[in-house]
Structure formats: C-alpha cells, structure tokens
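Below you'll find the structures, each written out as structure tokens.
Two complexes, one shared chain (chain A), two partners (chain B, chain C).
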Partner chain A sequence: MLEHAWVIPAITFTSFWLILFFGRRLPKGGSEIGILAVGSTLVLSCVMVAQWVGRAKTLAVGHGEEIEHIRGPVDNTVRWFTSGQFRVRVGTHVDGLTVVMLFTVALISFLVHVFSTNYMEGDRRFTHYFASLSLFTTGMYVLVTASTTLAALFGWELMGLCSFMLIGHWWEEKPNSNAALKAFFTTRTGDIGLLVGISILFWAAGGTFDIAKINQAALSGQISHTVLVVAACALLAAVIGKSAQFPLHTWLPDAMAGPTPVSALIHAATMVVAGVYLLARVYGVFWVGFHIPDGGFNFVAAVGATTIVIAAVLAFVQRDIKKVLAYSTISQLGYMVMALGVGAWTAAIFHLFTHAMFKALLFLGSGSVSHSVHSFDMVDDMGGLRKPMPKTFATFMVGSLALAGLFPLAGFWSKDEILLGAGENGYKVFMIVGLVGAFMTAMYMTRCVYLTFFGEYRGHGHPHESPLPILGPLYVLTVFSVGAGLLNAPFTHEWFGKLIENETFFHAGVATHDFSVPDALISTVVVLAAIGIGYLLFFQGKLPRGVTARQPLARVGYTFLANRYYLDHIYTGGVVGGISGPIARAAYWFNQNVLDGIVNGVAIVAKKFADWQYKYIDQGAIDGTVNGSGHGAEGLGGFFRTIQTGRVQQYGALLFGATALLALALVLTV
Partner chain B sequence: MLINQFLLLGAALFCIGVYGVLARKNGVLVLMSIELILNAVNINLLAFGAMHQGPAAITGQVFALFIITVAAAEVGVGLAIVLLIYRNRTSVDLSEVDLMKG
Partner chain C sequence: MADFPLLTTLILLPVLGAAVIALLPRGRGELVRPVGITVMTAVAGMSAWMLTQFDLHDAGFQFTSLHPWIKDVGISWHLGIDGISLFLVVLTAVLFPIALLGVVPHHDAKSYTAWLLLLEAGCIGVFCALDLFLFFVFFEIVLVPMYFLIGGWGYGERIYAATKFFIFTMAGSAFMLVGVVATAWLHHRAGHPLTFDLVQIGEAQDIATNSARWLFVSFAVAFAVKVPLFPVHTWLPDAHTQAPTAGSVILAGVMLKLGTYGFLRFGLYLFPEAAVWAAPAMVTLGVVGIVYGAIVAAVQKDLKRLVAYSSVAHLGFIVLGTFALTTQGLTGGVLQMVNHGISTGALFLLVGMIYDRRHTRMIAELKGLQRPAPVLAGVFTVVMLSSIGLPVLNGFVGEYLILIGSFVTRRWWTVVAATGVILAAVYLLWAYQRVFHGTPDEANASMPDMVWSERLVMAPLLAAIVFLGVYPKPVLDRIEPAVDRLVAHVEQHSDFHQPVTGRIPQARAAGEHE
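So, the complex of A and B:
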C-alpha cells in the first residue's frame, strides 16, 4: 500500500464526480458515496500507518561511526511531461509525516461526513455540499502525498477552491459570499509567494520540483544562502496566507460563515494546517535560510509568536462561539509555526495532530449546540446548556481542557513539547510567549464554556440533546483528545516522534529533547492559574452557590470564594473591562481598521487603476481597434455588395473589361 | 502564308462572341457565343502552331483538341442549367436570373 498511495486521492476524486453526477438520484443525496469513499480511505490510511510502523529501517544517515538507520521514504513516480531538457515527474512520496497526515485527514473528514448527514439534512445544496467535501479531501490527500512541489501546488489550490465553495455554501446571504471572497483572495495573496518560492527552488536545485532533492540541495549547501532566504520568505508568505498567520489571519474568523462541519474540517483541522505541513515538508529550506539551529531570534518563530498573542487576545471579546474557536485556531496555528521556527519539528507535527482532534471536537460540539439553539451567539442565546445537553457538554468540556493543555489530555503533551523545544534550543523569549499564550488559551476557553453551558439559559425555544450522527463523531474525537497525547509521552518512548521523523529531519540534524518534569510543572501551574482566574472572573456571582460547589471547576477556585465581591468588582470594572477589554478592542480595531485599511487601500488603488485601464485602454484603444476594424470591414462590404447584382452578364462584362485593361497594360509596358 | 489573316479572323470571332455573351438575353444564345469565343481561341492556337516546325507544331493542335473537349463538357452543363432555369421560370431570359444579388 505504501507504494500505491495514489489510490487514496483517486478514491475521493472519483467520489466527487459520482456525487456530482448521480448524487441527486440516490436516496441519501450522495452522502452515502462520500462516506463510503472517505471511510475506505480511512481504512487504507490505517493500513498505511501499520505498514509504515512495520517497515524495516533502511536509510542510513550520519557520518563515519554514527550511522543511524531510519525508515526510508517510499517513492513511486512516473514521468508526467518533458519540457525541453526538464523531465517533470509526478507521484507519491510516503514517509512518516505523510502517513500521519493521511490518517488525520481521513479520520476528521470521515467524522465530519457522518456529522454532516444530520447537520445538513434538508439543505437545498446537500449533494453539492458532499461533492465539495470529497473534492476538498482529495486536495488535502494530493498535498500530503505529493513528491514534487508542483503536485503539492495542485492540491493546495484545489483546497483553496473548495474552501471558497464551502464558505460560500449559503451564498444567497451577502455576508457569506463576501466571506468566501475574502478567504479566497487573502489566501491567494499568500499563494503568490508559493509560486515564486517554487520557481526559485526549481532553478536553484538544478531544475527539479522534487521535494526530497530540494531539501537535500538546501541542507548540503548546494544552494547559496541568499537564494534560500528569498525562497524561504516567499514560501513563508504562502504559509502565512494559508495557515492564517498574522497579518493575513483576518480571513479565518470570517470563514466561520460556512456550515459548522466545514469549519471543523477545513478551518480548524486540515486545510489551515496545510501551511504548517508545507513548512515542515520543505523544512531544509527554512532550516538553512533562517538559521533556525542558531537560536535567539528568527522570522518564522516571530510570526508564530505574534499570532499566538494577537489571536488569543481577540478570542476574549467574541460573542459568537465559532469566532472564539476561530481565533483559538489561529492562535494554535501560531504555536505550530513558532515550533517549526524554533526547531521543534516533531513537536509542531505532534501539536498539529492533537490540535486537529480537539479542535474538530470543539467545532463539532459548537455545531451540536447551535443545531439545538439555532444560534451561535453565546451571550444572548446560550447559557445553562449543560442540563439539556449533557453529552455535548461533557465532550466539549474534554475538548476545552485538552485545548487548554491540562494534564494528561492531548494538548498538554504537544504544547509542553513546543515550550520545551523553544527553551532548549535557545529561544527563551518564545518559550515565555508560549506560556503567556497557554495562559490566555485556558482563560478564554473558561469564558466560552461558562457562557455556553453554565448560568441561566438566555435563549428562546427548547434546547435538546443532538441525535447519534452528531454525537457519534463527538465521542470518537473525545477518545482521541484524551488519548492522542499519550502517543508521544515519555512512557510510550516518544513513539509518535519516532514514527514521523523523516529523512530531512535527520539530514538537518534537528535536536530532540526528553520530557522535562519542571517545564511540565510550570506549564501546568500556568494553565491551572488561568482556569482559576477565569473561573473567578466569569463564574463568580453568576451562579447559585449550590451549583458552584457541585461543579468540578468550582472546587478549584472554591477557596477564593471569600473574596467574591472584591473579585466581582474586579471582573466587572477591572480586569476584563479595564485591561483585556481595551487591549482586545484595540487589537480588534487595529485588525479591522489598520490591516483591513491597508488591504482596502491596495484594493482601491487597484480598482482606480483598473477603472482607468478600462476607460482608456480597454474602451479606447483596444475596443477602438476592434470596432474600427469591424466598421472598416462593414464599409468595404457595403461597397462591394453594390457590385454583386446577381446578373451573370454584368459579371461577364467586368471580367472582360478587367481582362482588356490587363491586356492593355501588358501591351503598353512590354 | 500570312498569319495576320488567321489572327484577324480569330479576333473578329472573339469580339462577336463577347458581344453575344454580354448583350443577348437568351441563355442558349449566350452559350453559343461562348462557343464562338472558344473557337476563336482555337483558330489562334492552330495558327500559332502552324507557324512552327517540329514538335512545337503539334502542341497547338493538341491544345485545340483539349479546348474542344472542355467546351463540349461546358455546353453539356450549361444547357442543363438553362433547361432547369426554363423549367422553373418558363423563360431563359438571363436578366431575370439575379437570385445571387448581394
């Protein structure tokens, strides 16, 4: 199966066409094809993981004595086309990173498909929705199995297209189609960087698109450092666009206009990590280009760190539950990018894996809630939902704690590994930023959980627990949110890390670090403090005393109850209103006015230029030429049609007359 | 032998033929005038052929034979067209046939 990885995207691609053509005629509107296709790819990807684990270690890396044997990649390529002296090949490149990504995407996609059968029931474009999901999944599969940058670009753009279609799924409402356009154009801005980067690397690596060769060329010093810096900057622009990093993150919150399962699949778990995946895949370029092993400071880590803080602050002021999760996603993507920036390669991929699980869980959980209360507004339409929706509440709780990074849930292990890597590799500043981010994450999730599930119900109507197709995926993801972290824990001997570490990883000589108890304790204390403070801020004075005592979260902050009014005062007038509120609002203002202003300014200039071009070049010069030639032809035709009388004798007269003239000319000239 | 006499005869026949093609209304007569033009050319070809000796002498006669063959075919098609025009319009007046007017 490892050689035949192309089967996986082929299955979902076939499913896309089948749904498109036959979906409407099937009893379940095409969803059964999608579920069957993605389900079979899930099975195949499990098989691939198993085969990868069982694969003999063949590739030898290292110098002299310290040769280390690792699992070599499995390549299967065919010639695609020949252009001049360049033979472009296409095919699959399977290594640990690939199989893990395939499994993650297949699992989340499968659960989202199941979830959607109920969530999207009765939608007018139900069939197209499932077709788009299939095509999207194909795009992601193509990206992660691609052996060349060119094939990766195909998958990348395919996802961009599907993202556009799915965000604008309900395009009849103007904001939705605007959001779809915004997402498309913003990511396209970054994609220019991808094209430039691919082109530069193609020439620099000696006329090849092959990712493994590019990495090798970059790491062996075959490509000059200046070229690598330019290429790395260009690729980083693509990462910033796709993975919603500062300052191109503004599209992701707007992308919540799409259906909730789509947000879970595309804007949390898979597509947005495409940027992170690209970064990890062509890591050699960044590794050398940005001097990652040297420590101190570098551009990639700075982008990630900025994103962590900016997005986490914004998550505090949102009323919409999906927007909280959207900003949280941006913030967590910042963690991954920062991890790659500080050289914690394994940690970044591990966080990608765990984050996919618990963020999909949270998004699907918010979908379950909104399915019940028909709204996303936490402040006006939610509250107290733990009673009518106990199962959703329990799973959401697990997801939130996993996101907050509480021992021993998934987020704890991966986040801790990132912080450890930052600390050990000489990036102390970024470790502190990461801790601040962890603190804020725990706090805004406390707020989100409180507003949604605690207090009094503020909406109208009668919330009810969701049916099994919605709860089933939540249960599965809950299991992963609890257990995924253990895969890379000290007592499993970093099984996950050993699984994914690939050729590039070893050639570059990326450092690995053992689990450190003091660091873990620090981050745990930070998280607990954040939850405690969050509890005091958001829960106090909002709940009857008895309920407070019964809740597990309440017990954490119970000792602080004596200070209740004092903290209540701080909560209303002080901390949230006085500090985080204005900062968050300022950041939001900056976001909306300055960044959007710049983007809009560019757009206005472009529009002015386009108008000018339209008026003078298009309408004046080009249309003038086209119309002029048209008028000329018409006039000429008008003249010639007068000759065409249809009378054969007149034609004859012209014929003889012309011949006589020619004969005369001949006689006179000779 | 004076070649001028043959050429003058050919020119006279040609002019009569051209006049007939351009001036007569009757389609059959127009076809006959075309025959006159072709035969004027034939006379010219034969006259030029007779001027030369050797293999060139025969060339003019061969060309004349070709023209007679083509003329026969042309008259066959032409008369068929005239016949169809007559069936459709009960007239062979060419000035009335102007369906191809632009």
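So, the complex of A and C:
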C-alpha cells in the first residue's frame, strides 16, 4: 500500500464526482458515498501506518561513526511533462510524516462526515456539501502524499478552492459570501510566495521539484545562503497566509461563517495545518536559510510567537464560541510554527497531531451546543448547559483541558515538548512566550466553558442533548484527546517521534530532548494558576466590573482588541479598498480619458483632415474628372455605405498613403 | 495522401462555403446554418486529421505547399505549419463551429454565416502563411469580416467600436506594410533575389543590425495593437463589449493570437538580434499589461468588459513568456495562447448566455444566479478557475511555464507578474460573488438554466480545459521542437544565450539498503 498512496486521494476524488452526479438520487443524498469513501481511506491509512511500522527496508543516514538506519521512504513518481530542462515529475512520497498525516486527516474527515449527516440534515445543498467535503479531503491527501513541490501546490490550491466553496456554503447571505472570498484572497496572497519559492528552489536545486532533493541540496550547502533566505522568506509568506499566522490571520475567524463541521475540518486536520506541514516538509530550506540551529532569534519563531500572544489576547473578548475557538486555533498554530522555528521538529508535528484531536472535539462540541440552542453567542444564548447536555459538556471539558495542556491529557505532552525544545535549543525567550501563551490559553478556555456550561441558561427554548451521530464523533475524539499524548511520552519511548523521523530530520541533525520533570512541573503550575485565576474571575465574579467604563486606558485597550488591532480596517479599507477603489478608478480614468482621449483626439483630427481633403481635393479637383466614369462605382459604394458610417475607407486610404510614402523614404535612404 | 494540399484546402473550404451561402436563393434561408456548420465541421475534422499526421520529431515546417504567385517580385503561395502554429490552427478550426453553433444571430443569418466563414479562412491563413506578403494579405483580410460582424450584429455603440477596432488595427498594419516591403527590399539589396519568402529571408539574416531593429519595430507596432499591449489596448474593451457573442469568442479566442503569433514568427524569427535588443521593453509592456489589465478589470461594471480586460492581462503573460526567450517561456506562451482561446472563448459564451436570458450584462443587476441556474454556475466556476490558473486545469500549466521560464532571465519582472496571478483571482471571484451569490430578486430568480444544446456546445471546451490541465504532455511534445529550434535560431544570430541551470545534485548521499 505504501507504493500506492495515490489510491487514497483517488478514492475521495472519485467520490466527489459520484456525489456530484448521482448524489441527489440516493436516499441519503450522497452522504453515504462520502462516508464510505472517507471510511475506506481511514482503513487504508491505518494499513499504511501498520506497514510503515513494520517496514524492513532502511535508509542509512548520518556521517562516519554516527550512521543510523531509519525506515526508508517510499517514492512512486511519474513524469508529467517535459519542457527543455524542465522535467516535471509528480508522484507520492511516503514516510512516517505522511502516514501520520494521512491517518489524522482521514480520522477527522470521517468523523466530520458522520457528524454532518445529522447536523446538515435538511440543508438546501446537502449533496453539494458532501461533494465539497470529499474534494476538500482530496486536496489535503494530495498535499501530504506529494513527492514534489508542484504536486503539493495542487493539493494546496485545491483546498483553497474548496474552502471558498464550503465557507461560502450559505452564499445567500452576504457576510458568508464575503468570508469565503476573504479566505480565498488572503491565502492566495500568500500563494505568490509559494509560486516564487517553488520557482527559486527549482532552479537552485538544479532543476528539480523533488522535495527530498531540494532538502538534500539545501542541507548539503549546494545552494547559496542568500538564495535559501529568499526562498525561505517566500515560502514563509505562503505559510503565514495558509496557516493564518500574524499578520494574515484575519481570514480565519471570518471563516466561521461556514457550517460548523467544516470549521472543525479546516481547523483541525486540513487547510490551516497545510502551512505547518509545508514548513515541516521542506524543513531543510528553513533550517539553513534562517539559521535555526544557531539559537537566539529567527524569523519563523518570531512569527509563531507573535501569533501565539496576539491571537490568545483576542480570544478573551469574543462573544461567539466559534470565534474563541478560531482565535485559539490561530494561537495553537503559532505554537507549531514557533516549534519549527526553534528546531523542535518532532514536537511541532506531535502538537499538530494532538491539536487536531482536541480542536476537532471542541468545534464539533460547539456544533452540538449550537444545534441545541440555535446560536453561537455565549453571552446571550448560552449558560448552564451542563445540565441539559451532560454528554456534550463532559466531552467539551476534556477537550478544553487538553487544549489548556493539563497533565495527562494530549495537549500537555505536545505543548511541553515545544517549550522544552525552545529552552534546550537556545531559544529561552520563545520558551517564556510559550508559557505566557499557555497561561492565556487556560484562562480563556475557562471563560469559554463558564459562559457556555455554567451559570444560568440565558437563551430561548429548551436545550436538549444531541443525537448519536453527533455524540459518536465526540466520544471518539475524547478518547484521542486523552490518549494521543501518551504516544510520545517517556514510558512509550517516544514511539511517535520515532515513527515520523525522516531523512531530512537526520541530515539536518535536529536535536531531540528527553522528557524533563522540572519543565513539566513549571508548565503545569502555570496552567493550574491560570485556571485558578480564571475560576476566580469568571466563576466567582471577582472580575472588576465596569473597568472599561472607569479606566480610560482599559477602554482604549478594549476598543483596540474589539477591533482586532484594526488589521481588518487596514486590509479592507487600505489594501483592498485602495486597489478596488482609488487605484483601480485612477487606472480606469487614465484608460478612458488619457489613452482613449488621445485615440479619439487623433480620430477627430483625422476626420477633420479627411473632411477637408474630401471637400477640397476629392470633390473639387479629382471628382470633376472622374464624374463621368463614377456612376458605376457609386452603385457599388452605396451598398457599403448603408452599413458603415465611419468612413473607414477614407481613413484607411489616408493611412496607407502616408505609410507608403514612409516606406518609400525608408527604402530609399537606408 | 502526402501530396494532398491540406492547408490550402483548410483555407479555401470556408471561402467556398461562404460563396455557396452567398449564392443560396433568398427563399432557402433554412439551408444557411446547415451549410455553415457542415463546412466548419469539415474543417475541424481535417484539422484533427492533421493533428494525427503531424510528425512531432520534425521541428521544421510540415504540410508545406509552395506555388509562385506574383513571380516578378518573388511573392508565392507558401504555406506550412510547425509546432507553434499547429495548435493555433486546430484552435481556430474548433472554436469557429462552436461559436457558430453556440450563438444564433438575431437577423440576417445568411451574411452573418458567410462573414464568419471568410473570417475563418483568414485566420487559418494567417497561421499558415510563410510568405511575408501572403501573411500581410491574410492579416488584413480578417479585419473586414470582423468589422462587419461587429457593425452589423453588435450591441449599443457598435459602429463606434467597429470603427475604432478597424482604424487601430489598420494603423498598425500600415507600419507592417512598410516593414514587409522594406524587409524584402533590404534582403534583395544584400545580394539575394527579390523574394517575400519568410524562410529564405529568416535563414539568410542579411539585413544590417540597425535596419533590422527598425524593421522589428514596424512589425512590433502592428502586433502590439493586435495583442493588444498597453497602451494601445483601448480598442479591445469596446470591440469586445459591442461585438456579438460569436464575434467576441473569435476575437478573444483567435484574433488576439495573431499578434502574439506574429511576434514569434516574424519578430523572433526574422529579426532575432532586434528581438533580443527589444526584449526589455517588451517584457516591461507585458508585465504592465498584466497588472494594469487586472486592476482595471476589477472595477468594471459590465461583465463582458471585465472579461475583455482580463484578456489584456492574460496576453501580457504570453508576451512576457515570448520575450523571456527561454524554452519554457516560449512553450508556455504558445500553450497559453491556446488556453486563453479556450477559457476566454468559453467565458464569452457564458456571458452571452446570461445576456440572452437577462438582457443585461451589468454586474449590479445580476444577483444570486447560482440558485436558478446551478449548471451555468458550475460551468462558469470551472472556466473561471481555468482562467485564474488553478492547478490541474489548463491555465496553470501555461502560466507556470511562463513564470518559471521568465524567472531565469527576467527575475523581477516575473515576481511582479506573479502578483497578476492573485489579481486574476480577485477580479474574477469578486465578479462571481456578485453575480452568482446572494439571494436572487424576482428577475434573476426566474432565469432558466443551461439547456442541453448549450451544454453540448460547452462540453468540448470543458473537456479541453481539463485535458490540457491534467495531461499537457502530448501538446507540449509537439510545441517544443519548434520552440527549441526558434530559441537556437535566436541564440545563433544574437549574443543571447539561454541560461543553463547549474549543477544537478548528485544522487542522495546515502543509499538505500534492504
């Protein structure tokens, strides 16, 4: 199966077409095809994990004494087309990272499919929705199995398209449609970086798109450092766009306009983690380009760290439960990017894996809640839901605590590894930022849980527990949110880390660190403190009331946050408004008045001249002599004149006369 | 079959068809369309047969036919195609029947069909001509049918648009006529017999450097108007907007390529040194067109005008690729000519369908069309994505080949051009949102969806969009030998050398062990 990884995207791609053409006629509106397809890819991805674990073929990596044997990757490529030195191959490259990603995507996608059968029931475009889900999943499969940067680009763009279709699923309402456009444009802005980066690396690596060869060339010093820095910056732009890093993160909260299961899929396993995956996949370029092993400071880590804090702060001022989770996702993606920036490669992937589980759980949980109260507003329409919805409440609690990083849940292990890596690799400042982020995460989740499940119910109607198709996925994800972290714990001998390590990892010499009890204690204390303070503030109402009304500074701060740092104003008003407004209008004005003005001006002058010529030369001098023989020609000319009023022949004759003279002059003088 | 004058037949068959239609008695109007469709289908079928007979290892001209025409001045009926013109001829032969089938003229089907047939003959002639004078004749002939199509069957200010179109291109052609005559004369003065033969003049390269540069400019002006390059593009939006749907399809799909094709065949081949000399200016104009066209397209209120401006941007890409002077750039440029013909032709057909139903093209008056017309919306989406250059659809391959080909020789131009990729998404998706999203009002809610005949017309275009995107290899294999030959020709006659990529990295440092 490892050689035939292409089967997996092929299955879901076929499913897309089947649903599109036959879905409507099926009893379940096409959802059965989608579930069957994604379910079979889930089974196949499990088979691939097992085959990978048992793979005997090894690859020797390292130098001299320190040669290690790791499982060798499985490549299967075909030539797509050729143009000169431009040989384009596409195909699959399967290694530990790939199989883990495949499993994660398949699992989350499958659960989202199951959840959607009930959640989307009766939707106007139910069939269309499931078709898009299949295509979306295909995009991510293509990306994670891609052996070349170009194949990765296909998956990348396919997801961009599907996100447009799914976020704008309810396109009758303008805000949804706008959110879809915004997501597409913002990620596409980053894609300039991807196109430029791929092109630079293609030429720099000696005319290849093969990711393994590019990593190899970067790590062995074949590519000059300047080129690598430029390429790494270009690719980082793509990562910032796709993985919603500061300052291009603004599309992600808006993307909540899509159906909730889609949010779960986008946030947990596809789309936004595509950027992180790309970063991890072409790691050699970043590793050398940004001097990651040197410690201290680098651009990737800085982007991640900024995003952690910036987004976490915003999560405090949201009323919409999905927006809290959206900002939380941005913040957690910041952790992954920062981890890659500080050289904690394994930790980043591990966090991607655990985060997929608990974030999908939280999103689907919020979907379950909204299914019952028909709203996402925590302040006005929720509260006290733990009584009518005990099962949703319990699973949501597990998800929240896992996200907060409480021992021994999944988030604890992966977050701890990132902090440890930052500390040990000489990025102390980033470790502290990570701890601050952990503190804030625990606190805003406390607020979120309080507003949703505790206190008095503030909404309308009678909330009820959700049915099994909704709860089932929650249960499965709860199990993973509890247990996933143990896969890379000291007592499982870092099984997960061993599973995903690949040749790039070894060629670069990425450092690994053993679990450290003091570090783990520090982060646990921070999380507990945050939950405790959050408890006092939100549950006990110790929050100083009306602080924003009394304190001018606090009010300014709150306004600043409520407007999301004014970034959207800058983008919509400044960049988009500038281009679609004044700049485009100015260009069009230039077009219509200056360019066309010249054209029309010339035409008027030519017409005047032609009139003059017609009147005095043609009619006056020549016509007199031709009058006699002209009658026959007049009949013919009259036929043409009925259709045309532009006197084209005259202009044409004039132009030809002028140029004939020119030609004569040129030929005679040269 | 080898001696069968295939190209001559491709040109003369539509002329014959036009004559038959002109001679049809007035009472037999119902025969007009069947005759037109039969002739065009026959031409398309013959071009398909030509595709199968094309020898992809031969970089030279194939299916040539050479007959003296005006012996005294060395003008001959010299036709032939290579990998560069092959697909343009096929594109022409395929687009015409689609345009004829897809649009029913609102009056006087007889003249309409006859003009279209003449137009087809002219367009095929341009792509086949290997004689400077013959090329000029075809280049001019196409103006006449197009002028009457816009003037007779267009909308609104069609007379203004038709005249503007005619005068603009005429002015350009005037320069070219100078060029054609002067080229033949200067070649003759260098000691050769007087001839207008493209191959003889191109291979001899006996025109002084300075004169060749002037001659290049005179040709370039004519082609720049046709492409159209900024700042001589202003005829295009007017002509497109006022033209009947079939006119727009042919104008965008085929006639704009006369300019870009001209640059390849007459700019680069006849005057290689001058082309290298002018390349910085040309790529700059191309890149300006990409960005400028895209920005102006974004503010258009009329859907058809928007598509017209998008052509300015797309053709800018082709010019960039052409004057990057690398194999990838040129190959991408040729492929993109075909792609643009398919995508933009399809877009114009779709806009025409919307206009026929709603009698408006104003974006502000259209809303929520996805609800009443899901199939139309779906087809529009695919065509739009192809135009944007989404991977696995045809636009991507051409556009990316151009970007990667020009990246080596024109780095910063390429980076600016890459922003055009984003801008294309902006104007098209934004338009899509305004037209297809939202809750439709009464007038829009009752718009009928595509009928089966319309679906059949769109089907070959959609198939081509997907096929060229997924499996461009057969097309590229045929384009490339000719492009390689052209690049070698340019290198041989100028100090330009296509950059060669550096070291190929050795196989992976560590081997695999069982």
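Observations on the structure shown:
Simple rule for what comes next: the second predicted complex is superposed on the first by the 538 of 670 C-alpha atoms of A that agree within 3 Å, B and C clash if a C-alpha of one lies under 4 Å from a C-alpha of the other, contacts with A are read in each partner's own complex, and residues count from 1 in each chain.
The rule is simple: a contact is a pair of C-beta atoms (placed from the backbone, for glycine too) under 8 Å apart; a residue touches a chain by one contact, two chains touch by 3 or more.
Remember, predicted model here, so these are calculated numbers, not experimental data.
In the superposition on chain A, A:184 contacts chain C only, with no contact to chain B.
Of the two partner chains placed around the shared chain by superposition, neither chain B nor chain C is touched by A:495. Counted by residues of chain A touched, the larger count belongs to C, out of chain B and chain C.
According to the touch criterion, the shared surface of chain A, contacted by chain B in one complex and chain C in the other, consists of residues 643-646, 648, 652, 656.
Taken together, the chain A residues at the contact with chain C in this complex read 56-62, 69, 72, 79-86, 150, 153-154, 157-158, 161, 164, 168, 171-174, 177-178, 180-181, 184-185, 188-189, 191-192, 195-196, 199-200, 202-203, 205-208, 212-213, 216-217, 220, 222, 503, 507, 579-580, 583-585, 587-588, 591, 595-596, 599, 603, 643-646, 648, 651-652, 655-656, 658-660, 662-663, 666-667, 670. Partner chain A is touched in their complex by these residues of chain C: 147-148, 151-152, 159-160, 162-164, 166-168, 170-171, 174-175, 177-178, 181-182, 185-186, 208, 211, 214, 231, 234-235, 292, 295-296, 298-299, 326-328, 331-332, 368, 370-371, 385, 390-392, 397, 400-401, 403-405, 407-408, 414-415, 418-419, 421-422, 425-426, 429-430, 433, 436-439, 472-473, 476-477, 480, 484, 500-505, 508-514. Listing the residues of chain A that touch chain B in their complex gives 640-649, 652-653, 656.
Chain B contributes residues 18, 21-23, 30, 94-95, 97-102 to its touches with chain A in the complex.
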